[in-house]
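In what follows, a structure is listed as structure tokens, so that the remarks can point back to it.
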Amino acid sequence: MQTSVKSKRPRTREIGIQIGHLPTGEYNGIIDVPGVKVGHVTLVSGEGKLKPGKGPIRTGVTAILPHGGNIFRDKVTASAHIINAFGKSIGLSQLMELGVIETPILLTNTLNVWTVADALVDYVSAQNPDVYSFNPIVGECNDSFLNDILGRHVQREHVFEALESASETNIEEGVVGAGTGMSGFGWKAGIGTASRVVKIGETEYTIGVLVLTNTGAASDLRIDGFPIGRKLTPAEVSDKPLGSIMIIIATDAPFSHRQLTRVAKRAAFGLARTGAIASHGSGDFVIAFSTNRSDASLDEGGITVFFRAVIEATEESIINSLLKAHTVVGHDGNVRHGMPIGRVIEILELNPPV
Amino acid sequence: MQTSVKSKRPRTREIGIQIGHLPTGEYNGIIDVPGVKVGHVTLVSGEGKLKPGKGPIRTGVTAILPHGGNIFRDKVTASAHIINAFGKSIGLSQLMELGVIETPILLTNTLNVWTVADALVDYVSAQNPDVYSFNPIVGECNDSFLNDILGRHVQREHVFEALESASETNIEEGVVGAGTGMSGFGWKAGIGTASRVVKIGETEYTIGVLVLTNTGAASDLRIDGFPIGRKLTPAEVSDKPLGSIMIIIATDAPFSHRQLTRVAKRAAFGLARTGAIASHGSGDFVIAFSTNRSDASLDEGGITVFFRAVIEATEESIINSLLKAHTVVGHDGNVRHGMPIGRVIEILELNPPV
Amino acid sequence: MQTSVKSKRPRTREIGIQIGHLPTGEYNGIIDVPGVKVGHVTLVSGEGKLKPGKGPIRTGVTAILPHGGNIFRDKVTASAHIINAFGKSIGLSQLMELGVIETPILLTNTLNVWTVADALVDYVSAQNPDVYSFNPIVGECNDSFLNDILGRHVQREHVFEALESASETNIEEGVVGAGTGMSGFGWKAGIGTASRVVKIGETEYTIGVLVLTNTGAASDLRIDGFPIGRKLTPAEVSDKPLGSIMIIIATDAPFSHRQLTRVAKRAAFGLARTGAIASHGSGDFVIAFSTNRSDASLDEGGITVFFRAVIEATEESIINSLLKAHTVVGHDGNVRHGMPIGRVIEILELNPPV
Amino acid sequence: MQTSVKSKRPRTREIGIQIGHLPTGEYNGIIDVPGVKVGHVTLVSGEGKLKPGKGPIRTGVTAILPHGGNIFRDKVTASAHIINAFGKSIGLSQLMELGVIETPILLTNTLNVWTVADALVDYVSAQNPDVYSFNPIVGECNDSFLNDILGRHVQREHVFEALESASETNIEEGVVGAGTGMSGFGWKAGIGTASRVVKIGETEYTIGVLVLTNTGAASDLRIDGFPIGRKLTPAEVSDKPLGSIMIIIATDAPFSHRQLTRVAKRAAFGLARTGAIASHGSGDFVIAFSTNRSDASLDEGGITVFFRAVIEATEESIINSLLKAHTVVGHDGNVRHGMPIGRVIEILELNPPV
């Protein structure tokens, strides 16, 4: 079982693209929100013909922890927005009723969500032995083009490893964790992340986004607006729009459930800016949470800058998830190419910082 | 592993209570909707002190099949309504987006939903080997008062057994299937079912309901309106309202997704008539489907009689789920008494048919 | 133009019916919530044949003010729940987005809502001359059985009068304000109100409800559970369920928008207990607001008692709206009889307090 | 009272911009959907200092008729999607419950919606004298920057004129009807329209969009992806994002209410592509209807191309609403400049067709 190699491919800003007006956080990732931790387990093994249950395996699991404590005991305010619900996300009904998340959030492949949710309950149940009700949050995209999805290869131990290895400095992107087998805009895609910092008076707040990209038709791709998909598409790829995307938003701003709902809806704007159209078969879910557990509140008249922050960070996360993803060969010779960075630079007439 | 004994306790009508105006179907159950099948697997074993993972076990799984064919290939129109979402039901987001159900519906206990969903995917995947995306529908209530819920004792084989044993004549109620460990209004409760027949012009349509009752405070209970809970409550039971209830509605009337949404919302009226108040901790979910796959449609101006049918059948299903449930002793001597039928007859001044 | 005579008919408790467990507020009305004011303008004139635009007039307008100050400047937290949306209520989209009410709430007849909303904007605009956006909240039921509804007889001056005459001690019910021409369960109905007091620790909170009843089939009526509609129906009345009902909930408990949404949903349970079924043509809307503008918050685990309070107060408000309403003759000899109080007492075997 | 001069400014395609992949309808407007009619009444009078109630007047009303018959008798299937609900749109609750539109759709300014709705009821009531319930659909944006909005200058006669003058060939855009006083991205904006043709098998369907644009920050504007707002902004305009937008979608494809909901959600993607961020104060509403009243239905697997059509037509409608709008001076010397077409052509390096 091979683990991911840290991608040396560049992020959006490293080739000179600056999306939006607002400043980024230190890492330009969801982990810039204080306390948020990310962990990935990447499963890559086998090659050749698909043998359901055997492989080849190109999948994984990604964990996002709102904070490092016992989340069930110390719940965080949350909301969700569903752009297109051809998807199997778990836990959203209770999340919307009670306005909180009480477990880490896990991302994986479509047919693994129930096993992963069950393992997540094992994990939080061990921390909270007297509790008889948990609401695990698990999202997914479909990696069957590269991965033996019917094999449901993400198991209990992988879930535990993703949770336990999660760190506040994990900025891995591309072919990692749940992103291992995903595609976007005809290219290899996967995990991407970005952040923005918003200043309200003297206080700085961070909005961080992490996406699991598995959506988009090649010819539709726009990078920072530029319709690059009209000039650059992978050879031999159907131009049918793929589905889906999971978008996780974290912030330390003291938003209520209702306000997080408003914030979450703006993720669709960031997605749309990349040229995605949320096709019929897409499961496009947004989950937003605030780590702020004080009694503070913000003047809602000033919420628009947070909308902008989400839109910018979502757009940049998606582009990161493409740029950082290297070529992967899956079952039956199915291949998704990493975007050719040189061509992107050339077409966009970029001057990457040295 | 002991299976359920067919309950000899009476149903609502058998003690002379007639809820509502409309006629019932032949069996007065959800199976009156042509093609609908129901199966239960009841798990009862062990006694004494709770040993998580070991028992005692008082739980089960219930399967409702919209028809006997391949449901994934031959989907049925569906909708859902959430009364209170402190619950873990699986599959509702996609159900609401696409307006269909593509798997059987399973009911079980709270912490078993993910295992059961995973097993359900095994089942439908075996029927549809070339498909890489399924949306299993699973609902739950919390049976931890009697059952070793942390043990998650409902396994893959029980799911398969419930699905494979499902029949068009299964009218079991009370302490059976997912209802094995459930309580309601301070009494033992579980599965209940009822149906109504609606005549539109020359055509007869059936509305069938099946409930998994685990809700209600003892003193709130109303039977056919009569506030019996003011006169009859179980000894030594806290009067705290319990949660939750799952309400499944089937019909052969040609309703659209939008119309089924309207129909599903009326289940809350049937629930309310029993005195339930949908407490904070309740997971009260309604799922409605139509087996009618013709192009027919009904004049919406005439939909009110179907609302009435749902309300009546839901109310009667809940009362059935109480009357039919015998006393069960769970872990640590926890006991839920079956309602004392004689006292019910006495207080309601009933003249049961001989 | 004749004003309403204060009804001498009894309220629910005055004939010995005690709905639910919780204590009432001082007036047992929505005005028990400190600061809440209610005003009615009742329009009754003409008789005989319907001449659209001329009369006879049996209609009015009811104002509910969350507090006596400038509501636009000092907004109150709010939410809404729609039971059945065959209705023309105004202002709910913005209310749900921002979670506040910024004007008084007005109730009137179906075809008058737009004129009334426009007049309400005149009213709040005069108080706030520099503001160019207002979100008036107006609800309605259809009084066309008795009233010349096409005449849209509620005009600007009536709206102003209702707002300006609103008081913290107005406990009028029955044939008054927006209730003037309404019917329920085959009988004359109209305005009803009730309240409950909830004690959390040492603090008392009030939940007040005001309903505009125009719903229900005669044979479905249940009073405190008892299915009186099976024994007592008005002569010569179709048993078709009527629509609609407006339910306004006020509280001084410090609920958030999300929590008020949960609270509002329980009004449907109070409605259902009366035997109503929310027919196709019903516009059944619930609006809930909290006058508490402090930073306080309540432990959500204790919210269930507020659900109970809403259910009880809604049920009692509806019964009040029936009992208090005297017989009214409308156009073309159309008549709605006030419920015969003596018969109600007799059938329910009540012992009214002397 | 001065009427609009037909704008000689170019549409998007007339300067060489081709948004998206799909072909347009004949007029490239909502009127390409057979039967759909559009009418505008433009109110422009006075200048100088704002005298509330007197002027200056820069406003109007726009009517969209799903067909030329009696819409109440011959309702059309419809749905809506709310992007951000800081707005006063009327009629959406019932539209979502019943899934139909039963009146023409009117657009006007924020404070005129209730008067306009009342007038619309006059109009449909005259056509249907025996009906006592109508659900008028009216949307709005806020034109107070240029217009005396408190004056509510759109009156009954203007509504009737817009309805009666509506035609199947009206392709007016920019400073016309409800768009008279609106702004977008710092520029003068207003009405825009576009259409796309989708071929399913041998059948062609049309998707038409009409927008009332009053949204967007100058520096955010993207035209066909290109971030032109970074290079071209109006002098002396605050870069605060404005609100709002109304987006009306018509089609002759046989979509159900649920499917139209999905279609309507994609309008947000078209909006996002222009750089809009749906600010706090935006009232961004989408209304979609199908004129197809046959029993036909489409394979939902093929719905994605309609999503694309909506996105493209929305994006193009918004750009049209900017390009076509000439400079307007409102009250107190407030001015919104029409986009300088020459500069747009220059910056985008366009080669307009001669």
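Order of writing sets the chain letters: A, B, C and D. Residues in each chain are counted from 1.
Everything that follows uses one rule, which is that a residue touches a chain if its C-beta (ideal position, glycine included) is under 8 Å from a C-beta of that chain, and two chains touch if they have at least 3 such contacts.
Quick caveat, the model's predicted, so the values are computed rather than measured.
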Reference chain C; chain at largest CA-centroid distance: A
Higher-contact pair (C-beta pairs counted), B-D versus A-B: A-B
Centre-of-Cα separation between chain B and chain A, whole angstrom: 37
Inter-chain centre distance, chain B versus chain D - centres from mean C-alpha coordinates, in Å: 47
Residue list for chain A, restricted to those that touch at least two other chains: 84, 97-98, 262, 300
Chain B-touching residues of chain C, taken from the complex the two chains share: 21, 83-84, 219, 222, 224-227, 241, 262, 265-266, 268-273, 275-281, 300-304, 307-308, 311
Chain C-touching residues of chain D, taken from the complex the two chains share: 52, 82, 84-94, 96-98, 110-111, 114-115, 117-118, 121, 125, 129, 132-136, 142, 144, 149-150, 152, 283, 285
In the complex with chain B, residue positions of chain D that touch it: 97-99, 256-258, 262, 295, 297, 300
